[in-house]
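Take a look at the structures below.
There are two complexes below, and they share chain A, which is joined by chain B in the first and by chain C in the second.
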Partner chain A sequence: MRSAGRSLPRPDLRAKLSGEAVFGADLAEPGMLHVRLLRSVVAHARIVSLDLDAARQVPGVVCVVTAADLADLDPMWGHYVRDRPILADGVVRFAGEIVAAVAAETPAAAAAAVAEIDVEYDELPPLLDVTAAVAPSAPRVHSGPPRPGFACPPSAVFGDGNDFYRWRVAHTRVEPSGAEDKLVTVAHEYAFPAVYQYAMEPHAVIAEHDGDRIRVSSTCQHPFLVREELALLFGLPVDRVRVSVPFIGGGFGSKSYTKMEPVAVAVARQAGRPVKLVNRVEDAMVTTRRHGMRARMRTVADRDGRLVSRDAEIWLDTGAYADNGPTVTMVAGMAAVGPYRWDRVGVDAACVYTNLPPAGSYRGFGAAHLQWIGESQVDELAEILGMDRLQLRRQNLLARGETMIPGTRPIDADLAGDLAAVADRLGWGPPLPGRQGRGISVGVSPAGASHHSQARVELRGDGRVAVRVGTQEIGQGARTVHAQIAAEVLDLPLDRVEVVPTDTGDTPYDRSTGASRSTTVAGLAVQRASEDLRAALLRTAVERWGVDPAVATLAGGRIVAGDRSWAIEEVGACQGHGDAGELAAGGATMPLFWEVCVAGAQVTVDPDTGQIEVRRAVTAADVGRALNPSLVERQDEGCALQVVGNALFEEMRFSEEGVLLNDTLLDYRIPTVADVPHEMACVIIENGDGPGPFGAKGCGESVFGGLVAALVCAVADAGVTVRELPMSPDRVWHAIRSES
Partner chain B sequence: MAARLTVNGEARELDLADNALLLDVLRDELGLIGAKRSCDVQVCGTCTVLVDGTPVSSCCFLAHDAAGREVQTVEGFALEPLWEELAAAFSRHNAFQCGFCAPGFVMTLKPLLAERRLRSRADVVAELSGNLCRCTGYRAIVDAVCEVAGVDPS
Partner chain C sequence: MIPAAFDYLRPTTVEDAVAALAEAGEEAKVLAGGHSLLPVLRLRLAAPTLLVDLGGLPQLRGVRTDGDTLVLGAMTTHAEVAGAPVVVDAAPLLAQAAATIGDRQVRHRGTLGGSLAHADPAGDLPTAAVALDAELVLAGPAGRRTVPAREFFVDYFTTTLRPDELLVEVRVPALPGWGSHYLKVNRTAQAWATVAVAAVVERENGTITQARVALTNMGPTPVRAVAVERALAGVPVDAIEAAAAHAVEGTSPASDTTASADYRRHLAQVLARRALTAAAGS
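What follows is the complex of A and B.
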C-alpha cells in the first residue's frame, strides 16, 4: 500500500502552526452582533422576576432575549430527552443555566447589559448528589414523564423518578454451582468525580435566522444532528437549516450533539441579524462535563480461580438535563460486566437527574467510569486466591466469538493476545519492592455508534480529488486518514487529495464524529466512494478509448492500459459515491465493533506526600490496521495524558449550594508537559480484523477504560487502595495513614 | 486613547480603550487570529505573542503596555526561516492534533531556539510547562523541539 498504513505528515499542520487555520471564534459575518449570556447563580430556584429595562437602555444593545420571547416555539431541546428549555422558563435547575441573552454591537456593550439585568430568585433546595436524588422522598428535578428526543432509540424506556433511565442486564449462563465455602467474594462501593473535557477551544457559534432559513457555523462534532435539532426546534424543514463547521480546537465529546446553537439561533431570530456567541472556559464547564458516579460492585470467584459472578449497581449524575446521559449509562453498564466468562451477571445502571450542570459525552465514557472498578476487584480476588493477576484474567477471558452481553456482537478481537502484548511491553513479573506497583487491565467498549455515513469523492478538472465526508476534524486526524484512504484507492499522491470542510448543504450525510467511528465507518464510506470513482474512470477509458477492461488500472494519477496511458483529468469532472450501510447488512448486532481497552501501568507512590509518579504507561491500540501509525500513537498518548488528569487530580468541585467552585484553569488543573509519564508506549496491534477500510477499526477512546484501571491497580499493588477517584495526593496520603 | 504599536514590523496607530487587552486588539482590530483565547487567566499559553521579543500572555496584557514596543504574532514569525525549520520538525512528528495550542507553543519557542537556550530535554520540558495541550500527550512536541534545538531527545 502506498498511502494507507504509512505515518504520513498531516496536511493541515502547517496552517495550524502559522495561524492561518480558521477556528470558530475566528469567524465573523458582516453586520454581526455579539452575544453575552446571563447565567443563573443558584442551583435551583423559581424566577420571581426578571427586570430587563436597564439592560435594554445600554447603548449598543439590540435585543435582550428571555423565555418570554420564545412563546411561539416549542423551546424544549435534547436529542435523547427533550427536557431542556433554550432559556430558563420560570425555574432554574442548575447554577449556570442560561436565563437571558443579550445581543449588542460590541462584546463590551453586551457584557455591560448582562450586568444590568435584575433577577429575583426564590431559592429551592437543590439535589446535589445521586444518593439524595434517588431517595424516595426526593423532589423531582423535572415534573412529568421524559419526552423522547429526535435521536432517542425507539427501544428506550423512561421512568418517572429522577433515575429516569436504566440500563440493565441480568443473565445466567449456567446456574452457579459449588458450595459456598468454595467461593470468595469481593464487594465495595466506589465513586468517580465530575470532570471537565477542556477542549482548549471553547464552543463558538455564528448564527443567522432570516425568517425561513437558518445558517449556522458552529464548533460541533455532529453537524447533521445539530441541523435536525434546529429544524425541529424552530419549525423549519431540514433543508432550510444549514450548518457548516470550521477547524475544531478539540472535542473529546464536549462538542457532540447540540450545545450553544439553540440559544444563538434564538437570539439571531430576535435580532434579525447574524450573531456570534463564544463561550469562555467558565461557560464551557457548565455546558457539559463528565458524569460523576457512585457504584457498588460484587465479584465472586471460586477457589480454582474461575470468575463466577458479578453484580453492580451504578448511579450516574447527569445533572439537570439528560444530554447524552442515557447512552453514557448504557456504556457504563456494559463496562461493568467485563470481558469474562461469568456464570451469572447482573448490572443495573441508572441515569439520575440532579441540580448540577448537565453531563454528557467525554472520551471513553462508561469504560472510564467502570473498568477500573471491575478490574480492581479481579486483582483483589487474585490476591485472596494467591494467584497471579494476569493469569486469573487469562483463564477467564472471553475468546473471539464468545458473547459478553446477550444480544450484542460477539467479541471480535483477540483480547488474550492484546493483554499478552501489553504485559510483555510493561515487563510483567514478580512484585516490585517498596511503594512501587504494576497494574494491567482488559475491557471492551461498544464503538461505531451507527452505520449512517456517506461520502462523495470528486475528480476536478485540474486532476485533484475532493473528498466530501461529514466527519469533523477535531484533531484526531480524520481528514488525513480519509485523504490517505482515497489516495490509496485511486493511487494518487496524498497532496492531490483534499478533504473539504463540512457544510450540511453540500456534504453527504454523516451521523456523528464520535464513538471512534471516523476511520472505521466514515472511512469505509470514503473507501467505497473512491472505489466508485475509480470504477467510473476505468469505465470511461473502456468506452472512450477502447481500453481492455481486464488490464486497465490507475497508477500515479493516470489511467494505464498496457503501454498506453491518460491523465485522469482527461476524463473530465467525475464523481463517486459511497456508503457505510454494508456494516448493517443482515441486521448485524450492535455495536459495529468493540473497542479494545487494554493497558498497563507502573507507578511509584511517595508515602510522605501521597504523590503518584507514573513510571510507565503502556497502551494497546488494537486497530485492525493502522492507516497512519503516528496518528494512532498521538491518539493513545493524548488519551493517556487525559487519563493522568482524570485518574490522579482532575475534579470539578461544587459548593454546598451546588455552585461550581473551580471554574477557571487556575483552580481546575489539567496535565502539563511535566505530568507526562516517564515512559509511554503505544503497542499497535494489527490483526486486520476490523470492519473498516483495509481491516481497520477505531481507536482513541479505549485508553480511558484501560489506563485508568491499570493505574488504580498499580497503585493498589504499591500498597494503597483507593476506591474514590481522583487518586489525588491528599486522598492517597490519607489512605496510607489510615492503613498504618 | 490613541496608542502606537508595531505589529509584525508594521507601525499601527490605534484608538484603544484604556483596558483593551492585547489579545482582543490583535484579533478583533487587526484581524490577526493566530493568537487564540482559551483559559483567559494566563495558564494555557495559547494566546502567547512576543513583546520586544519576550513571550507574554496577551489575554492578560494591556494593549497600552505594548505601546511604543514591537509585537510579533505567529503570522509574523511564520515568514522567518526558523519557523520553517520548526514547522518541518513538527510535521515530521505529527506533533499537534487540533492545533489550537500550536501558535502559543511556536511563539514560546521562538526566543528559546533563537537564543539557543534549550540544552537538554529537561530544559524543553521546563520551558514548555506554561503551554497546555489537551490533545497530544506532549511527547511528540518535545521530541520535535529537541530535534530543532539539537539536543539529545532522551
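What follows is the complex of A and C.
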C-alpha cells in the first residue's frame, strides 16, 4: 500500500502551526452582533422577577432575550430527552443555567448589559449528589415523565423519578454451582468525580436566522444532528437549516450533539442580524462535563480461580439535563460486566438528575468510569487466591466469538493476545520491591455508534480530488486518514487529495464524530466512494478510448492500459459515492465493533506525601490495521495524559450550594508536559479484523478504560487501596494512614 | 471575563509612579508582570480605574551586590532570580524557589516585587524572603522606608504597603557557609504549592548552630516555624527528624479544592524534615 498504513504528516499541519487555520472564534459575519449570557448563580430556584430595563438602556445593546420571547416555539431541546429549555423558564436547575442573553454591537456592551440585569431568585433546596437524588423523599428535578428527544433510540425506556433511565443486564449462563465455602467474594463501594473535557478551544457559534432560514457556523462534532435539532426547535424543514464547521480545537465529547447553538439562533432570530457567541472556560465548564458516579460492585470467584459472578449497581450524575447521559449509562453498565466468562451477571446502571451542571460525553465514557472498578476486584480476588493477576485474567477471558452481553456483537478481537503484548512490553514479572507497583487491565467498550456515514469523492478539472465527508477534523487527524484512504484507492499522491470542511448544505450525511468511528465507519464510506470514482474513471476509459476493461487500472494519477495512459483529469469532472450502511448488514448487531481497552502501568508511591509517580504507561492499540501508525500512537499518548489527569488529580469541586468552585484555568489544572509518565509506549496490534477500510477499526478512547484501571491496580500493588478517584496525594495519604 | 475599563500610565521615574499613585489613591493599582493582577481584573475581583505600569522603569530591574548584601530590583523577573549567578551564589534558596514557580512563560513575565506585593500565601518567593530575613525597600511620597520581610506580610494578600507606595528593592543578607533548600509539593507539575518549606541551616562540625525555616501555604502569610528553629539550635544533624515534627506549631492551613488542612499539616512536617536534611547536607 502506498498511502494507507504509512505515518504521513497531516496535510493540515502547516495551516495549524502557522496560525492560518480558521477556528470558530476567528469567524466573523458582516453586521454581526456579540452575545453575552446571564447565567444563574444559584443551583435551584424559582425566578421571581427579571428586570431587563437597565440592560436594554446600555448603549450598543440591540436586544435582551429571555424565555418570554420564545413563547411561539416549543423551546425544549435535548437529543435523547427533550428536557432542556433554551432559556430558563421560571426555574433554574443548576448554577450556570442560561437565564437571559444580550446581543450588542460590542462584546463589552453586551457584558455591561448582562451586569445590569436584575434577577430575583426564590431559592429551592438543591440535589447535589446522586445518593440524595434517588432518596425516596427527594424532590424531582423535572416533573412529569421524560419526553424522548429526536435521536432517542426507540428501545429506550424511561422511568419516572430522578433516576429516569436505567440500563440493566441480568444474565445467567449457567446456574452458579459449587459450595459457598469454595467461593471468595470481594464487594466495595466506589466513586468517580465529575471532570471537565478541557478542549483547548471552548465552544463558538455564529448564527443567523432570517425568518425562514437558519445558518450556523459552529464548533460542533455532530453537525447533522445539530441541523436536525435546530430544524425541530425552530419549526423549519431540515433543508432550511445549514450548519458549517471550521477547524475544531479539540472536543473530547464536549462538542458532541447540540450545545450553544439553540440560544445563539434564538438571539439571532430576535435581533434579525447574525450573532456570535463564544464560550469562555467558565462557561464551557458548566456547559458539559463528565459524569460523576457512585457504584457498588461485588465479584465472586471460586478457589480454582474461575470467575463466577459479578453484580454492580451504578448511579451516574447527569446533572440537571440528560444530555447524553443515558448512552453514558448504557456504556458504563456494559463496562461493569467485564470481558470474562461469568456464570451469572447482574448490572443495574441508573442515570440520575441532580442540580449540578449537565454531564455528557467525554472520551472513553463508561469504560473510564467502570473498568478500574471491575479490574481492581479481579486483582483483589487474585490476591486472596494467591494467584498471579495476569494468569487469573487469562484463564477467564472471553475468546473471539464468545458473547459478553446477550444481544450484543460477540467479541471480535484477540483479547488474550492484546493482554500478552502489553504484559510483555510492561515487563510483567515478580512483585516489585518497596512502594512500587504494576497494574494491567483488560476491557472492551462498544464503539462505532451508528453505520450512518456517507461520502462523496470528486475528481476536479485540475486532476485534484476532493473528499466530502461529514466527519470533523477535531485534532485526531480524520482529514489525514480520510485523504490517505482516498489516495490509496485512487493511487494518487496525498497532496492531490483534499478533504473539504463540512457544510451540511453540500456534504453527504454523517451521523457524528465520536465513538471512535471516523476511520472505521466514515472511512469506509470514503473508501467506497473512492472505489466508485475509480470504477467510473475506468468505465469512461473503456467507453471513450476502447481500452480492455481487464487490464485498465489507475496508477499515479493516470489511467493505464498496457502501454497507453491518460491523466485522470482528461476524463473531466467525475464523482463517486459511498455509504457505510452495509457495515451493519447480516444482522444489526451492535456495537459495530468492540474497542479493546488494554493497558499496563508501573508506579511509585511516596508513602509520606501520597504522591504517585507514573514510571511507565503501556497501551494497546488494537486497530485491526493502522492506517497511519503515528496518528494511532499520538491518540494513545494524548489519551494517556488525559488519564493521568482524571486518575490522579482532576476533579470539579462544587460548594455546598452547588456552585462550581474551580472554574478557572488557574484552579482546574490538567496535566502539562511536565506530568507526562516517565515512559510511554503504545503497542499497535494489527490483526486485520476490523470492519473498516483495509481491516481497520477505531482507536483513541480505549486508553481511558485501560489505563485508569491499570493505574489503580498499580497503586494497589504498591500497597495503597483507593476506591475513590482521583488518587490525589491527599487521598492517597489518607488511605495509607487509615490502613496503618 | 473582560476586565472593567481602566486608564493606563507608564511612568519612567519612581517619583512619577509614586506621584501618580498618590493622586489616584485607592483607585490605582501597580502593574508589574501582570501574572497575578490580570487574573484578578479578569475575574473582576478588583476594578481599579488606573493601572500604573512599572514596565518603563528599567532601574527597578536587575541584581547587584552591596557589600554582604544581595540587592534585587523589584522588577527582576522570576527567570532572572532563578538564573542570575550572583543570586545562585549568594542566595541559592531564592533562586531555587523562583525556579519552582509556574512554568517558563510565567517565570519570564512575573516579577519578584509583584510576587511579594501580591502576598499570596501559596507564593514561593514570600516564604523564601521570610526565611532569608530579607528587607524590603518601599518608596512613597515621603521617601523610602525599609521593612523586614517578617513584618511585611500581614494577612491573605495583604502587606504593609500603602496604596501610594512602591516596592522598589529587596535586600538579602548573604549567609556564607549556610546550606539551604526549598522543597515544594504541588498537585500537578507547574501548579502552586500545596505546601512548601524553605530551610536555611548553619552547620559546624556535624552540628547545626542555627536554622531558619519558613512554610508556604500553612497560614494567611508565610509562617516562620520558630518551634523547629528553636529545636535545632546547637544540635546534631540527626535531631532534624524530631525537630521537624514541630513544623505544625503556629500554623493555620486551609482546606480547599487542592487539599485538606490535616494533609497540609502532615506534609509540612515531611517537607520540613526533607528540606532540613538537604540543607544540612548541602
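Observations on the model:
One rule holds in what follows: the second predicted complex is superposed on the first by the 740 of 740 C-alpha atoms of A that agree within 3 Å, B and C clash if a C-alpha of one lies under 4 Å from a C-alpha of the other, contacts with A are read in each partner's own complex, and residues count from 1 in each chain.
Everything that follows uses one rule, which is that contacts are C-beta pairs under 8 Å (C-beta built on N, C-alpha and C of every residue); 3 or more make two chains touch, one makes a residue touch a chain.
Please read all numbers here as calculations on a predicted model, not as lab measurements.
More residues of chain A are touched by B (comparison of chain B with chain C).
By the touch criterion defined above, A:Arg653 reaches chain C but does not reach chain B.
In the superposition on chain A, A:Val347 contacts neither chain B nor chain C.
In the overlay built on the shared chain, the residue A:Thr672 is in contact with chain B and with chain C. Contacts of A:Pro202 after superposition on the shared chain: chain B is touched, whereas chain C is not. Once the two complexes are overlaid on the shared chain, A:Ser630 sits against chain B while remaining clear of chain C.
Once chain A of one complex is fitted onto chain A of the other, the partner contacts of A:Ile685 are absent, as it touches neither chain B nor chain C.
In the superposition on chain A, A:Gln642 makes contact with chain B only, while chain C stays out of contact range. When both complexes are overlaid on chain A, the residue A:Gly19 reaches chain B alone and has no touch with chain C.
In the superposed model, A:Thr664 makes contact with both chain B and chain C.
Touching of chain A by both chain B and chain C, each in its own complex, is seen for residues 108, 280, 664, 666, 670, 672, 674. Remark: chain A residues 7, 9-10, 12-23, 25-26, 108, 198-202, 247-250, 252, 280-281, 473-477, 628, 630-631, 633-634, 636-642, 664-666, 670, 672-674, 676, 680 touch chain B in the complex.
Those residues of chain C that touch chain A in the shared complex are 1-2, 5, 39, 43, 103, 185, 187-191, 194, 257-260, 263, 266-267, 270-271. Only residues 17, 27, 32-41, 43-44, 46, 73-75, 78, 83, 86-87, 90-103, 106, 125-126, 128-142 of chain B touch chain A when the two sit together in their complex.
Partner chain C is touched in their complex by these residues of chain A: 107-108, 111, 280, 282, 608-611, 645, 649, 651, 653, 661-662, 664, 666-667, 669-672, 674-675, 728-730, 733-734.
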